[in-house]
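A single structure is presented below for examination.
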Amino acid sequence: MSPSAQKGAGAGEVLLAVENVSLRFGGVKALTEVSFDIRKGEIRAIIGPNGAGKTSMLNCINGFYHPSEGRITFKGETRRKMRPHEAARGGIARTFQNVALFKSMSTLDNIMAGRSLKMNTGFFWQLFRHGPAMREEVAHRKVVEDIIDFLQIPHIRRTPVGRLPYGLQKRVELGRALAMEPDLLLLDEPMAGMNLEEKEDMSRFIIEVNQQFGTTIALIEHDMGVVMDLSDRVVVLEYGRKIADGTPDQVKGDPRVIDAYLGVAH
Amino acid sequence: MLYREAGQFKTTYASDMAVFRLREDRIGLAVIIAAAYAAAFLGSDFLLQAVLIPFLVFSLAAIGLNILTGYAGQLSLGTGAFMGVGAYACYKLMTAFPEVNVIVWVLVSGFFSAAVGALFGLPSLRIKGFYLAVATLAAQFFLQWCFIRVPWLVNYNVSGALDAPLRTLFGIPVVGATATPQTRYLVVLTLVIALTWLASNLVRGRIGRMWIAVRDMDLAAELMGIRLLQTKLLAFAVSSYYCGVAGALMVFLWYGGAEYDVFNINQSFFILFMVIIGGLGSLVGSFFGAALIFIMPIALGVVLPVVLSPFGLSVGAETIEHLRFMIVGALIILFLIVEPHGLARLWQIGKQKLLVWPFPY
Amino acid sequence: MEAARISEADRMKAEDLVLCVNNIEVIYDHVILVLKGVSLNVSRGGIVALLGANGAGKTTTLKAISNLLRAERGEVTKGSIEFDGERVDRLSPNKLVRRGCIQVLEGRHCFGHLTIEENLLTGAFTRRDGNAAIRRDLEAIYDYFPRLKQRRTSMAGYTSGGEQQMCAIGRAMMSRPKMILLDEPSMGLAPQIVEEIFEIVRRLNETEGVSFLLAEQNTNMALKYATYGYILETGRVVMDGPASMLRENEDVKEFYLGVSEGDRKSFREVKSYKRRKRWLA
Amino acid sequence: QDSIYIPLFTYRTGPFAGSGMHIADGMHDYLEMLNQRDGGIGGVKLVIEECETGYDTKKGVECYEAVKGKNPVIVNPWSTGITLPLIPRAAVDKIPILSMAYGLSASARGDIFPWVFNPPSTYWDGMSMIIKYIGQKEGGLDKLKGKKIGFLHLDASFGKEPIPLLEELSKELGFEVKLYPVAAQDMQNQSSQWLSVRRDRPDYMIMWGWGSMNGGAIKEAVRSGYPMDKFLSVWWPGEDDAKSGGAGAKGFKMLNWHGVGTSYPALQDIVKNVVDKGLSKASKDKVGELLYNRGVYNSLLIAEAIANAQKLTGKKVVTGEDVRRGLETIKLDQARLKALGLEGFTDPIALSCSDHNGHRPAFMQEWDGTKWVKISDPIEPMGDRVRAQLDAAAKDYAEKNAGWPKRTEPCDKAS
Amino acid sequence: MLYKVLIEPFVFMGEAPDLLVQTLWEGLVSGVLYALIALGFVLIFKASGVFNFAQGIMVVFAALTLIGLYEKGIPAFLALLLTAGVMLVLAMAVERLVLRPLVNQPDIILFMATFGLTYLLIGLGELIFGGSPKEMITGALYLPQGTTEVTVLGGPVRLQHLDIAAAVIASAMIAVLAVFFSKTRIGRALRAVADSHKAALSVGISLNQIWVIVWFAAGLVALVAGIMWGARSGVSFSLQIIALKALPVLILGGFTSIPGAIVGGLIVGMGEKIGEFYWGPLVGGGIDTWLAYVIALLFLLYRPQGLFGERIIERI
């Protein structure tokens, strides 16, 4: 009945595999031997109660935390340790649970900043802002304007993002991540603090990104409606351990998940 | 009603990305530049020599520090020393190769301070905020010590000081005793305009965005693929370049000779004042800040005696100086209270009000 | 229209107001007008929900009440705010807390360098009723949020988003207020904790008579627990009424509850050309 | 215009105010006394205006620009840092600079620096006098062999200037030199330097300090038990500095070239016409102190130069150009000093076109716990050695500033 | 060369152990005195996140007020009390006129405001007290004077009684403050304020009250520092430069730590003296102007928050 169920089955090769990853901070075990994989083109949800280690998992994936044990394989390459900017170069982009925008910049500049990686004219052309530097700037500006149109935020193009309401900030953050044209997009609670209408908008963006550009998405979200509707597969964490993994319907029915996370069945 | 965005449509991204998107702004800028050049011929020597030249020199230094502290968010208290590196490098170069045009050396000397700045910027990867200030203070005191201790830097001058030998540009003296305030002013003005233009190109482009990104949220920037160390070092280098050039201009086109002492810690603080009062992360702000911090005390020195004398108050030079200190201090606090983001923000708000005028919002 | 009339009647009845916001206007930075005349009332022992889209001005309203606006260069330029029958718009935030009105800030704002327990204890800063009582309340908070008890010695800056949210709410409760201004309490919390929080709200409200004004995006929950609701759009109150009535309103249903024509739609089927809101009333 | 404008650059604020204010008072009060007593110089009233520099180069240069337009007849920068940038401007603006025993030593050469004057002695003169004095005490310069002399100096060009001479002498006379630089920010906190002194145990200590460095050094010397009578200084400490050492400071010695106290008729006139009338900022007990009289000496030179200029030109109201000539013709012999009410105040001094310094001898004075006591006759500097340093420096300056304008100003003979 | 750098100084230390002891003692005393100034910074930083540049001038101001009052004929200890009162008034004025309007502003803005305050106090101080240096009223305050010479390891070591007194008073003061700020309710509130003004406001902590308390405490510390430094080197406006020396101490110990101030002070004091004494001559001396900063820098590279500073939270 749910379209996700049909689609999830026929997913392609594995884009990212997490094997036995553990992460400790002093005495706190944020993650314990977690393994799962993300296949190319799917929307993979990560859910779990507060403090279960979801954000930490994303941090491990893009190199902000270094797992104490275990391996992470991305695009066939296995690594123990990676620096965040390498992950970004490798095609991993993300949004953050606590909005981490560049507060004083305008929406436009924030998203442009997301394209820093793709821009490479040298310092001296930059100094004069002519020739290749200007051509590059204009070309990327076009891409950014497309993103702005796509996210329906043209009216705040020039507003410093620090003044935007929370919901729009989240949207800009998504735009910034999209600007990196990632292969794997990590979204940490992209819909927190939004009302229904905005959640609907956001869902649509996520789906469109996924379907039109084929971007693989890992999604953390506490709104079960969203998770169940959008994702192809769901992994559930609790106290740093994986307690379930499967299609939304499978997970929804899992008693351990109901017990640990959902409370009453939704 | 004169100042409106309406009716000015941008048809290309390039024109939309111009510095001044409004026609009125462009006209205003042209008028200001024209006036600045006209001042060379209309202004008195006092105006040129004691007000405008130093103002421009400080503006340049403030732009330098603003790039580092305002744009890239790295607090530096070593500006004075970086200016010194530029001045000493320029001195060495222009005495070693007297036949090369001095303007070339002024511009080249900046590269030396850029290199030194980048070196002292290395700890910035690990050290942040006020803690980073210590690294730059180490630079300040260490370099100052070098200026005193390495006589080679001043060509073993007995006085231990920098002097300004005669140097000409197209046969007209620009450095040295016989250079007129007019020529010096025109040279400084032209350099400052050119360098400001370059700086504004930089900060509006990819590099500027990377700097601001690092300042606003360095962790997020790193996760987006921005190399923190490189970005910060670039900021240190560019910033020091500007400071270095400003230092060279200060010694050779303003003072015309100076001791190491002009590059002391107070100089660093002085520039920092300008940047903060003017507005962090704003090039216009650097000019505003320099104007306020440098010219306000001078103006007070002129105005205070006039104001106080009718009251029969004892107006000794030192009383005026004390009052000047107090007033400058109070005004700094007042300005910060009125607008913590500096004069640049006040300016912006003013323009915004003008855009909607006559309506309040 | 009808809603408005009923609310008038309601207002006549509910004489005992703990909070009365009268036609306030808020300007940020001297130029950005954000609230354009907002009035709302919270009756003693009431739970009032403040609903509205992003940027409608909910947070601003709450900050205007708790007087935290000034710290952000915002200013109430018109109107008045009364708490417990007294004008409070000139009061400092700490005096207001002493009088029993505390705000839970949107976006957590824990003291990162303090441990969870220390964070909770700072909530009791204004209290004068002795250590034993404070300890007792601390235990009560730990009962509500067992997760906090586990992390009590961790620095708050290192705890997860949800843990920080619980910490912020717990901290406010530690001051034993008469009234809590809750800004997006459910944000970033797991579903069962959200339910838990609203249960706590109800319990505090019923057993200790604490009044609540909550700005909340989770309309479903908010209207379930609140007694009265206001809907804010771009700085104006566009609709208000008893919660039960708002729940039945067609627009609210469609735009806030996501149940039009009886059925919940799937997020996959949302169309981008759907009808936008129309608060013509 | 019927007055002569004399700006005084002073620093009654800032880190060096403790010394600067006394000098400023002395400078001001002497000129004011001339105004009060004689109605100015040659019947022309003096307009005396102070400009506060705070010993800061930036403000000093600003002061210069501010006074430049008011036809000043002379400028006293009172800071080496301020003097340096003004030197090239003097010739262009036609304003003579009087940097009394400080500034650029090479400017003693009037043929190269016609507009700059630094009487009565250079720092090289001072250093050679101190070494000579030590030699005297030891019973001959040859007795210095094997001795150790410590040189405590402000770590700035001022403090470092005498080092080449000191080192030259040490090679020749066979004594050892130990250098103890004091950075400006450590002026009040010299314990490291004095620890080193304890380690090295120099036989004599020579100090080249300024502002609170002097007081700090004296205190530290007392603290660390250094024998005070072997502690000698160039001419910049004042009473306050010595007093801060308490009783232990007794025996401290310094060079000086003018009298202290108010026993001179001119000083009496100052007390009568200026201080008692409430026209001075100095309290009465400070009048006649060392640095106060230093200021008086400075103004004495100014007044004399103006008087000379009036004589040379026949004009009443003279200009900076005239006063430059007046300075070059200064000739203060005892007779003239007596006429000025300053008999015995200082050694005679005469300047000339080529010699803008005079290289006058100074005497050694000692702190007896409450006041300075003159303990030696004037000591002649080692003229040839100083000249060698000076010529080298002047040549160096001329070479490095190729294009430095040749002197075109004609030479007047003293009348 | 290597021998000179790596071996000779140590040989010398062994040869003249009394000088080593003396050097260490001098370092200890300077360290304690640096710590006293740094302590004033720490108090204010801890409680408001404000880096108070005016601490140096506050030291001078307090000392001058004390001397000024004493010269007016007021008995020394009454003058001491009155000076404390003046510092309280100053604290209240600063809170009312500077801090309150600048609540919740970025650190650097508040830093800058304290610069304004510095200027204001310099101007005011010079206007009232004049620029001439003054002597601390050491005798009237019954501070011990004089010297004891003890023989250590075969050589004389001179101990100034004043230095001993300074060390004792400073240590006692630091201990009291450390206890007060870590064990009381106020202490917790202070740390909360430093963390986030906004959140502190929202839980009802009265920033105003807290700020008056810490600025007053910092004023008292400044008074003590002024007396001790004044007794050592006289009181004049140039004394405020000493504050620059407190910066490396502060950074080394961590901005927020009271024990850090004392440990940092000792490391800087001793490190600088030993460095200058044993290694300085190799480069012509005078290296203690920057040595302290370099020492602090090296420590920071290892621990970016200083020795005892609060961890810098890096989370996303």
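When the chains are written out, they are named A, B, C, D and E in that same order, and each has its own residue count from 1.
The definition used in the following text is that contacts are C-beta pairs under 8 Å (C-beta built on N, C-alpha and C of every residue); 3 or more make two chains touch, one makes a residue touch a chain.
Remember, predicted model here, so these are calculated numbers, not experimental data.
Student: Which contact partners do chain C and chain D have in common?
Tutor: B, E
Student: If I rank B-D and A-E by number of C-beta contact pairs, which comes first?
Tutor: Between the chain pairs B-D and A-E, B-D carries more contacts.
Student: From the centre of chain E, which chain's CA centre is farthest?
Tutor: Relative to chain E, the chain with the farthest C-alpha centre is A.
Student: Return the chain whose centre of C-alpha atoms lies at maximal distance from the corresponding centre of chain C.
Tutor: Chain D.
Student: Measuring centre to centre with CA averages, how many angstrom lie between chain A and chain D?
Tutor: 74
Student: Distance from the CA centroid of chain A to that of chain B, rounded to the nearest Å?
Tutor: Centres of chain A and chain B (C-alpha means) sit 42 Å apart.
Student: Taking each chain's centre as the mean of its CA atoms, how far is chain D from chain E in angstrom?
Tutor: Roughly 36 Å, centre to centre.
Student: Taking each chain's centre as its mean C-alpha position, how far apart are chain B and chain E in Å?
Tutor: Distance between chain centres: 32 Å.
Student: I need the residues of chain B touching at least two other chains; which ones are they?
Tutor: Chain B, residues with two or more chain partners: 145, 219-220, 223, 265, 318, 321-322, 325.
Student: Using the touch rule from the top of the page, what residues of chain C touch 2 or more other chains?
Tutor: 32, 158
Student: Can you list every residue of chain D that touches 2 or more other chains, as numbers and ranges?
Tutor: 12-13, 21, 155, 183-185
Student: With touch defined as at the top, which chains are paired up in contact here?
Tutor: After working through each pair, the chains in contact turn out to be A-B, A-C, A-E, B-C, B-D, B-E, C-E, D-E.
Student: Spell out the residues on chain C that touch chain B in their complex, using ranges where they run on.
Tutor: Where chain C meets chain B, its residues are 27, 29-33.
Student: If you look only at chain A, which of its residues touch chain C in the complex?
Tutor: 2-4, 25, 28, 48-52, 55-56, 97-98, 163-168, 189, 192-201, 203-204, 207, 222-226, 229-230, 261-263, 266
Student: Going by the contact rule at the top, pick out the chain C residues touching chain E in the complex.
Tutor: It is residues 66, 68, 70-72, 92-94, 96-98, 102-105, 109-114, 118-119, 121-123, 125-126, 155, 157-158, 171-172, 175 of chain C that touch chain E.
Student: Flag every residue of chain D that touches chain E in the complex, lowest number first.
Tutor: Those in contact with chain E are residues 12-18, 20-21, 155, 179-189, 191-193, 195-196, 198-199, 211-212, 215-216, 219, 223-225, 240, 243-244.
Student: Quick check: in the complex, which residue numbers of chain E touch chain C?
Tutor: Residues in contact with chain C: 103-104, 185, 188-189, 191-192, 194-208, 310-311, 313, 315.
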